[in-house]
Structures are given as C-alpha cells and as structure tokens.
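Quick heads-up: structures coming right below.
Presented sequentially are two complexes of chain A, the first with chain B as partner and the second with chain C.
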Partner chain A sequence: MSDVMLDLNSVDKFYGSKGQGVHAVCNISMKVMRGEIIALLGSSGCGKTSMLRMVAGFEAVSRGKISIGDREIHALRPVERNVAMAFEGYSLYPTVTVRDNIAFALKSSKFSATDVAVKVDEIAAMLEISTILDKYPSSISGGQQQRASLARALIRDADLYLLDEPMGQLEPQLRTLLRGRIKAYIKERGLTAILVTHDQTEANALADRIAVMEDGELQQFASPEDIKKSPANIFTGTFVGEPPMNVFPARASISEETVCLRLNENIDLSYPADAFSAELRASLAEMGDIVLGVRPYAVQRRDTGSLATVVVNQWLGDQSHIATNFAGGSLVLVEHDRTQLSEDEQIAIYLEPSDIHIFNSKTGMAISHGARLIG
Partner chain B sequence: MSLELTNISKSFKDEMVLDGVSIQVHEGKTLVLFGPSGAGKTVLLRLIAGVIEPDSGQIKISGTDVDGVEPEDRNIGMAFQNFALFPHMDAHANIASPLTAQKQDKSAIQSGVQTLAKLLKIDHVLDHKPKELSNGQKQRTALARALAGKPKVLLLDDPLRNVDAKLRFEMRLELPRLLSDQNTTVIYVTQDYKEAMAFGDEIAVISSGVVQQIGTPEDIYLTPANIEIARLFGDPVINYLDVTVQKDAVGIFALVSDKRVDLNSGYARAVGQDCSLGIRPESILFVPASHPGAVPVTVEAETPLNEKTVNLCLTARGREIMASRPSGTVGPANGPAFVSIEAANVLIFDKHTGELIEPDKFY
Partner chain C sequence: MQKNSNLENVLRGVAITAIILFFMFPILWIFLMSFQTNETILRVPPSPFFEPTLTNYRSLISGKLEGSTATLEIAFMSNLYNSLFLSVTSVTVGLILGVPAAYAFARLKFRGSEDIAFTLLSFRFAPPLLVLLPLTIYFQQIGLADTYGGLIWVYQLIVLPLILWIVRGYFEDIPADIEYAYRIAGHSFWATFRKIALPLAGPGIAAAGLLAFIFAWNNFIFALVLASADKQPVTVGALAFITASGINYGQIAAGIMLSIAPTFALALYAQRYLVEGLSLGAVKG
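Moving on to the complex of A and B:
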C-alpha cells in the first residue's frame, strides 16, 4: 500500500446546467498522505465545502477521480467509503442520548459494552462534554451538539476523518483549548484528517499542510510555514496572514548601482543593486510593472524615508495596528508596543529588501520572496 | 442619543439571566459587551430593542424612559445573529428597506446601498436572494441593512462572526470610523477580544448575567478586575503562577522557581497571602543568566505565528509558561534559558477569590 491516503485527480464540480451554472470546484488534484492533517482554507463560497462533500459522498463529482488508499471511491455510497464525518447539520439522532449517539459509531465494532463506555468517557472528557452525556440532543446548546458530533466522528475507526468547521460554534477560549487536544488525539493515533475552515489560526495550529482555495481553484498547497514565507500568488499572500499583507502596484527600474521600485504618487523605494540577486534584477528589468507585497509586521519606521499618513491606530494589548495612507493605497503596520500615533500624523516608512515579496502584475504569481528569485 | 440602563434584571422561568445590570453609553460612543455564551449579552440587546421586557430596572434613551415604547418607535437599528432578512427580497432590496421606509429618493437609495455593499464586500451578490447567500454574506447583508438607515442607536450582535480573517481585519479598521462619522451610539457584542479593544470606547465584561468590569480597553487589559477577565483578553493567554507575597529588609517580593521577583512596595497589604502572580506572555523576556533576578526555564517548543513567535517554557517546578516576542527577534528555540519577570509588568490576584489586588498608591 502506498503512503497516499487520499488522491484527488482532476476533480471538477458544476452546479446547475453547464454554461450558466456554477463551477464550484475547478480541476483540483491533490494527494493527502497517511497520518497527515490537511486544512482546506478559504472564504465563504470558495468551494472548500463542496470538495469535502464530494470526498464524503454527499455530492457526486462532475468529473475526475477520488481514491482512498487503493480504492476508487467516487462512485461509492457514503457508507461504503469508510470515512468518518463531522458536518454542520449532520445532525445527532434526536431520540437517543448524547452517550448513545457517540457509542452508536462503535455499534458494529468488536468492543465490549465496558470498552465502549470507557472510550466514550475518554473522548467526552477530551471535548469537555462529560456532563451532558445523558442529555438528549434537543436540550443541549449548539456548541455542545457540535462537540457531540465531533466525538461521534473521532471515536470511529475509519480511513479518513472529514471535519467541516468542527469548532465553528465554540467560544474562542474553548476553541484554543480543544485545538491542541484534537491535534494530539489525531496524531497519537496516526489518523488522516481533512478539516474545512475559514479560520486561519485554526488551520495554522492544526494542519500539517494547508490547501488555500478561492473561486473553486487550489491557490497553494503547502505547510503553514511555506505559505507564510513564500506565498504562491497575491491571493494567498493577502488571504493568509493577520493582518493581511500590504500590496502596491509598482514599476521597477534597474541601473548598475540601484534598484528603484516606483509606487503610485511617485514614491520611490531605492536600494543598492546588490541588495537584489542578479537573476531577480534581470527579471525585474524585463517586466517593469510588478506588484510589491510586504507583511505588516515587517514594515519599519525610520527617521527619514517615504511618508505615510496615519488613518487609524488600534491598540490590542500586546501590539498596535496602524493603518496609513501610503502611495495611493492603504499600508498597515504592526508594532509591538503601545504606539502613540494619532490620526493625520506623518511617519517615515522603510521596507527592507529581505522583507519584500514581488508578484507578476498580470498573473498575480509570485516572482521573488526576500529579494531572491523563486525556483 | 445616549443610552442608560439602570439595575436591569431578567429571568426566564427560574433562571436569572441578567442580575442588576447597569451600563451607560454616551452619544456617538461605542460600548462593547464582551463575555462567554450564555452570559446574557443577547438578552440585554433584546431588552434595549424592546422585543422583551425587563423584570425590573429602567432603560432610558436620550434621557427618556422607554418602558412601554414599541420597538419600532425606539429609533434603534439592529443586526442580530439569526439574520432575519426578508426572504422574498434580494440583498439590495433588503439593505434598501430602511431607506425605502424613510421615503428617500431613488438615487440616494442607490448610492447608499452601493457604498455599504462595497464596504462590506457584498456588492457582487446584491441581486441574490437570502437563500442564495452564504452565512457570512447573510450576516453582512443584515449589517448593511442596519447601517443603511443611519439609526441613532445601533445594536450589533457579533456581526463579524463567520467572516474570514482578512475581511474581519478590514472591517475592524473601517467600521469604527463609519460609526463615529455617523455619530451613532452603538452597543456591539463580540467574543473576540481584539475586536472588543478596537471597537470599544468602553468595554463591559459580562458573565453569568453580572457586569464584572466596565472600562476603556486600557483599563481592561492593564488592570483586569479579576483573573477570569485577564484570561479573556490577550493571546496567548496570561500566565499565572502560585506565589506567596513576602517581605524582608529589602522590600516586598515573591519567589518564582526560588528566584526573587521584587514587587511594588504597594503590595505590603498582601504579605503572607496566597496569590496568583499574573504575567502576560509579551512581558516575559529572555535575558542572559547574569541578569539580576533571571529565572531559569527550559524552552520546550517554539510556535511561529504571524507577527510573533511563542515559546512554551517550563519552570524548575514544572509549571508551563508562555513567552511571546516579535517575529524576527532572536530567542532560544529549545533547551535551557533565562527569563526576567519585571515588577512593573506583574499583576497580583487573590488566589482564592481571583480578584485583582491593586498596590496601594501612597507608598
């Protein structure tokens, strides 16, 4: 058996009639390895839930193949796929208690009644629902129902675990606590899981790799670290990262001595040529028009430099988020102390070459990260 | 218009949901209601809206008691969590509805709807009916509708829940400005402490139907009334260590891993008391072993977040503490290290009640 647990091969999903319908998932291919946790991350309507529903068998694929291990499963009924699911609206059986709902998942297994009880108690403790095991689904809160449904999925023995916004109803503090426990549970048992979420903190904390989706297309599929350091395109750069990456259209002009990036309103960022690799300089000279990206925490303030005007300064306890007008756009800075800056104040900005991301202005694809050409 | 609630109580059956809540919002200001689910935040909004009646207490809008005033006569705009959009109207008509009711002319309605739809990034779905909108889009449509009528008082029940981080951040920058430009008096419910700090002129922390603390974001973050509030604000969560406040010839101090941490002399009244020493992750600094009062720790793990790096450390007694530092700064990834705990950054709580012990000022 190979180490690939789930293989999506050129999968498409259309809703409605072709031509005027919606192309919800566009030609996505990806492989999930055994024991990996994958997050499908994207905004509402990006196709991430459609993807998960096709793997689960709740939706038919319009085109392409899905395999789990050696089995092609896209034509199988959901129950034949050996996947465990926790979906929003994938509801609990109303006529039995929470305990029986969770235990039901082990009904056809070989465990004795005592073993089942022990397992249910264990998972209920992990998800902080021990006190509601004897209640009926209708008498517990939405957040408790969600955890009961998650418990029912995780307690099962399955090839693949599909979790759709599994903690969406929970409070932030509880979410933080459970994240760590769920990850440990999945990792200790070597389970393979796919998580759908719009919450990048959750994706970063839980996933080995994140699949960033937008408009039905896979934008990038990489580790959280790689996505942060080397976003594949403008979308990923500005979608993942909090606050989002700042981006500005720019025109590059290259001479023997300098690299000059001219932003709108004739703001010039000039650097000694050797701050950029020779390959990148050649590429910049050829392209001219580019998009420049810089993360908010990498923006520096200096005594002199290009001027930005403060619009908002929000203090969040351990950091200040400062939004400014800069080069005809918005530039956000993060500073790690309580910055005393008021509206309309002018500040001088400096961007270090090693913090600059450059994107192709036509395709949006990344060209360089940190003054080095990709590839 | 200002808003004043005095001693509001409300029970459902035998369950006390609000117990003597008093809050005040000045005209054009935003008060954030912050607290866990079930704290009574939504009930409070419904009382102000006039959808339900309090058992006791008084609600005044612009100084006038609104007891008995119908919801539609209170001039209050609302965006609640269950959306409640008109199902037969598209998003445009939903957002326009308060303007249509005010009999504004067509071009004013058109531009009002467009501006808000653009701000809230729903301008591409204006011709969709509610059932064709995602939850996040429904939520923003409801928010746009509430804003469209420019009500004097606006009640917003967690309007950015279910919104992705990018849009949430943009809203966090733009919405407070819009609200203050419109001079709207706002009560804003959220469970996101960053949103609370960014939006609130003041924050009321509420739990189990009781207001625990009201203050500016600065008050709440720097002098939380109790350890529970300290834990709700801040990410990673505040560290706390069990200590006994002690006194000797040099001054007031506590021992952390047998190392002396000098405390403000104003803590004299806590000497001999069992306390929790609270210190926020960003106040734990890595220092050389020679630093006075350096506390030895073992760094167990390093988690790079976006703008900061978090280290999980163990004290000599095996207590876990979190330290965070700006991304790009140098720190130990694992193994033995030393941290400093400075008196100025320490909060002292009564170990048994969890209440903050403030140092006496006259020292």
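Moving on to the complex of A and C:
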C-alpha cells in the first residue's frame, strides 16, 4: 500500500453547464498522506464543501481523478468509497434519537449490539454529548446537533474522514477542549482527516498541513509554519494570520550600496545592499514594481524611521493592536505590552529585511521571504 | 390590552362557530333526515323534532326500496362494497406505483424527467369524457370492459398524478444530505429509501393517499361508462334512488350517511396521524 491516502489529480467542478455555470473547483491537485490531518482554509464560497462532496461522492467530478489508497474512486458510488463525513448542515435523521443517529453509522452486520453501544457511549463522552443521547435531533441545540453529527462521522471505521466545519457552533472553551480530544482520537488510530474550518487557531492546532483555497483554486498546501513563514502569494499571506499581513505597493531601486523600496507618498525604506541576497537584488532591479508585505507582529517602532500616524490603539487584554496610516495605506502593528499611544500620534516605523515578504505586483506570487529569493 | 384580546377571542369564537355551522349544518340535517319518513321530512314548517325510525337504513341494507306504490330492488350495499373495494385497491396500487416514482422524480434528475412528470400531471387536465369513449372501445377489445381490473387501471388516471405530485414535493423537502449521510455509512439506495425517505415523507404520503381515496370514492363518470350494475360504486348506484314513482328523501339521506361514513372515518383517523407526523418530523437546521 502506498502512503498516499487521498490523491486529487486535476479535479474540476462545474455546477450547471460548463460554459456559463459556476466553476466551483478549478484544477486542484493535492496528495494527502496516510495519518495526516489536513485543514482546508478559505473564504466562504471558495469551493471547500464542493471538494469534500466530490471526494465523498455526492457530486460528480466534472474533470480529473480522485484516488483513495490504491483505488480510483471518482466513479464509484458513495457506499463503495469508505469515506466518513460530518456535514456542514449536520443532516441528522430527525426520526430517530441521537444515539441511533450515531449507531446507524455502524452497519449492524459488523458489530454486535453491545459493541455498538460501547462505542457510541465512548464517542459521546469524548464529545460531551452523553446526556442527550436519548433525545431527538429537533429537541437539542445547534451545537449539540453539530457534535452528534461529528460523532456519527468519527465512530465509523473509514479510510478518510471529511469534517465540514465540525465545531463552528461551539464556544471557544469547548472548542479548545474538543480540539485536543479529537486530535488525540485521530492520531492514536492513525486516521486520515480533512477538516474544513474558518478558525485559523483550529487549523494551526489540529492540522499537519493546511490547504488554502480561493475562488476554487488551491493557493498553497503546506505546514502551518511554512504558510506563516513563506506564503506562496499575496492571498495566502493576507488570508492566513491574524491580524492579516500588511501589504503596500512599492518600487524597488537598487544601487551598489543600497536597496531602496519606495512606497506611496514617497516613503523610502533604505537598506544596505548586503541585507538582501544578490539574486533577490538582481530580480528586484529587473522588476521594479513589487508588493511588499510585513506581518503585524514584525513591525517595529524605533526612535527614528518612516513616520506613521496612529488611528486606533486597541488593547485586547493580552496584546495591543495599533492601526496606523502609513504610506497612503493602513499598517497594523501588534505589541505584547499595553502601549500608551493616542490618536494622531506619530510613530517611527522600522521593518527588518528578514521580516519582509516581496510579491510580484502582477501575478501576486511570492518572490522573496526574509530577503532571500524563494525556490 | 387584556380587554382587546378578550374581544378578539370572542370574535374568533363567533367566526369559527359560523363556519362550522355553515359547513356542518347540511350534514347534520341529512343525518336527521336519514331517521325520518318522507312525511316528517316534507312537513311545513320543518322541525328538528320527530320520532326516529330505522326503516331507511333497514331497507338500504336489505336492498328493498319501498316506494309509495311498489317495492324496488336496489344493490346499495354491493355498490358501497364496490366503492370501498375500488377506492382501496386503486389507492393501494397508486401508492405502490406512485411513491417510488415520486422519489425518483425528486432525487434522480434525469433527462426528460420534468417532461414525464408533467405529462403524468396533464392527465388531470384532460376532460374525462374525451378519454372515455376511445377507452371504452379499447377496453372492449382487450376484454377489460366491466372488470374491476379495468376500473382500477382507469382510476389510476385520477389517483396516480395526485399521489405523484404531492409526494414528490414532500421528498424534495427532505434535505438530500440526510440521505447521503445514511448512504455514506454503507447503506444501499433501497435501504435509504425505506429507512430515511419513507418515514420522513410519511405524513405527505398519508395526506396524498387520503386525498386520492376521496377523489377515487367520489368518482362518477368512469364507473358510469365503464362498469355494469354489479361493479358500480355508490356514486353511480345512487341514481337508482330517483325513480318514476317518486323520490324517497329519507332513504337518500340514509344512503348519503352510509356512503360518506368511510371517508369521514378515514379523515378523522388520518388527521390525528397527520398532526402527529408533522410535529414529530421537524427537520431542523
């Protein structure tokens, strides 16, 4: 058996006719390894659910191939794919109790009634829904329905677990608690899971790798650290990370001694040439127009530097978010102590070359991270 | 505020009473008539007070109509039995054929499915008389004229479109993901239909069946043309009450009471079931 559990090969999804319908998933290729947890991150409507539904077999694949293990499955019926799914809309069976909803997922032929009962109790305890097992779905809360639906998926013995926003309805404390338990459950058993989430903390905490999607296209598929450190393009850079990365259009001019990045309003960021690698300087000289990105926590305040005007200063209890006007745009910085800055105050900004991300202004693709050319 | 809502309650009560009176009075009056003789029925002014008699029912059940001059043999009880048999079997056949078809139309969007579904519905638009003449000829040729089988077949024209379209709507209201969730857990299409779709559409199927039963029961024209006396339902058989020697209102009233009894009982029974099913079913989320 290969170590690739799920292999998506140039998968497309069109709703409606090919010419004028919605192109919900565009040419996505990715491989998920056995035992991996993948978080699928992306804005609403970007095609996450469509992708899961194609893997599960509820939507036909318009183009491309999907394999699970060694089997090509995109033409098989849902029953034959051996995939478990927790639905975005829960989709519990309204006519039976929560217990039966979960138990129905275990095809009665394989387990004895007592085994099923033990398993249901176990998973219900893990997800904190033991007390509602004998209620009907219509008489429990949204968050309880969500956990019942998650239990119904996790109790299965499947090759692949597709969890579509499994914890969106829960309060942060419970989410954090369950996150740990679910991760342990999946890892102990060596299961493979794809989890759709809008919660980046959840993605970072649970996932081995994160797949970032936008407009039906896969933007980046890498570990949480890599996505933070080396976003593949402007979208990933600004989408992943809280608060989002600051971006400014800039023009690079390179001389023997200095690298100068000129932002709007004639703000110049000048650095000694050797702060940037030679290859990067060469491509900057060639390109001229670029987009510069810097994460909020990497923006430094110094005694001297380019001036920014404070717009708001918010203390969030453990960090300050300071929004400023800078170079004709907005620049946010994060500091970990309670900063005493008032509105309209001027501060001097310094950006370390190793914190600077540079993107191609036309394609949006990353050129360099930390003053080193990528690739 | 309190006063206002009191007034509202009173007004609502009055309105409901008026509506009930309006709809129920004829039935009540017929009920009373069915225990009277022609003399007490026709007296002027009419009065709700009389000495009740069971002769009307007795003569219906024994099949002998006693007119003012002669005794007429009628087959009322066998008409009633025919009605019951035809309606029950037609609705049963209609449900057996219609419910899976409705499911297919709701779930499997195949080429031309809309057209087929609409064609089936269009059977309801055609004036029955237009269809009946050619049908009679065909039925005589293939030996279906004047058989229960032939009648039940023709009754499908009434029953099937009704069941198909009502039940289809109920199936479409079930979120497909509920069924997917069941199927992905290793259950077959057929099992999903039986265990998930059918119970969820239960109230709708019951409503459609009830409505189809009432339509079948009330049908007149098909049976009038296609069936001879011994296969006719009450709707047609009731014609026999109008005789040359006069009209016996008491017997007609008793006939009406007997012939609405099954639909009435069914409606009462199904109503309880419908309310229960609908309040249980609530598909939330």
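Miscellaneous remarks
Heads up, the rule we're going with is that the second predicted complex is superposed on the first by the 372 of 375 C-alpha atoms of A that agree within 3 Å, B and C clash if a C-alpha of one lies under 4 Å from a C-alpha of the other, contacts with A are read in each partner's own complex, and residues count from 1 in each chain.
Assume a residue touches a chain if its C-beta (ideal position, glycine included) is under 8 Å from a C-beta of that chain, and two chains touch if they have at least 3 such contacts.
In this text the structure is predicted, and so the values were computed from the model without any measurement.
When the shared chain is aligned, no partner comes close enough to touch A:G375: not chain B, not chain C. After overlaying the two complexes on the shared chain, residue contacts for A:Q200 are found with chain B alone; chain C is out of touch. Once the two complexes are laid over each other on the shared chain, residue contacts for A:E225 go to chain B alone; chain C is not touched. Of the two partner chains placed around the shared chain by superposition, chain B is the only one that A:P296 touches, whereas chain C remains out of contact. Once the two complexes are overlaid on the shared chain, A:P244 sits against chain B while remaining clear of chain C.
Look at A:V83: by the touch rule set out above, it reaches chain C but stays clear of chain B.
In the superposition on chain A, the chain among chain B and chain C reaching more residues of chain A is B. Contacts of A:Q145 after superposition: chain C is touched, whereas chain B is not reached. When the two complexes are superposed on chain A, none of the residues of chain A touches both chain B and chain C. Every residue of chain C that touches chain A in the complex is listed here, in rising order: 175-178, 180-188, 196, 199-200, 280-285. Interface residues of chain A, counted against chain B in their complex, comprise 42-45, 141, 143, 168, 171-173, 176, 198-201, 204, 225, 228, 238-239, 241-244, 295-298, 311-312, 314-319, 321, 323, 332, 334, 336. Residues 56-58, 78-79, 81, 83-85, 87, 89-95, 104-107, 136-138, 142, 145, 149, 152, 156 of chain A touch chain C in their complex.
Within the complex, the chain B residues that touch chain A are 36-38, 134-137, 162-167, 169-170, 172-173, 176-177, 191-194, 197-198, 217-218, 221, 231-235, 237, 280-282, 304-308, 324, 326-328.
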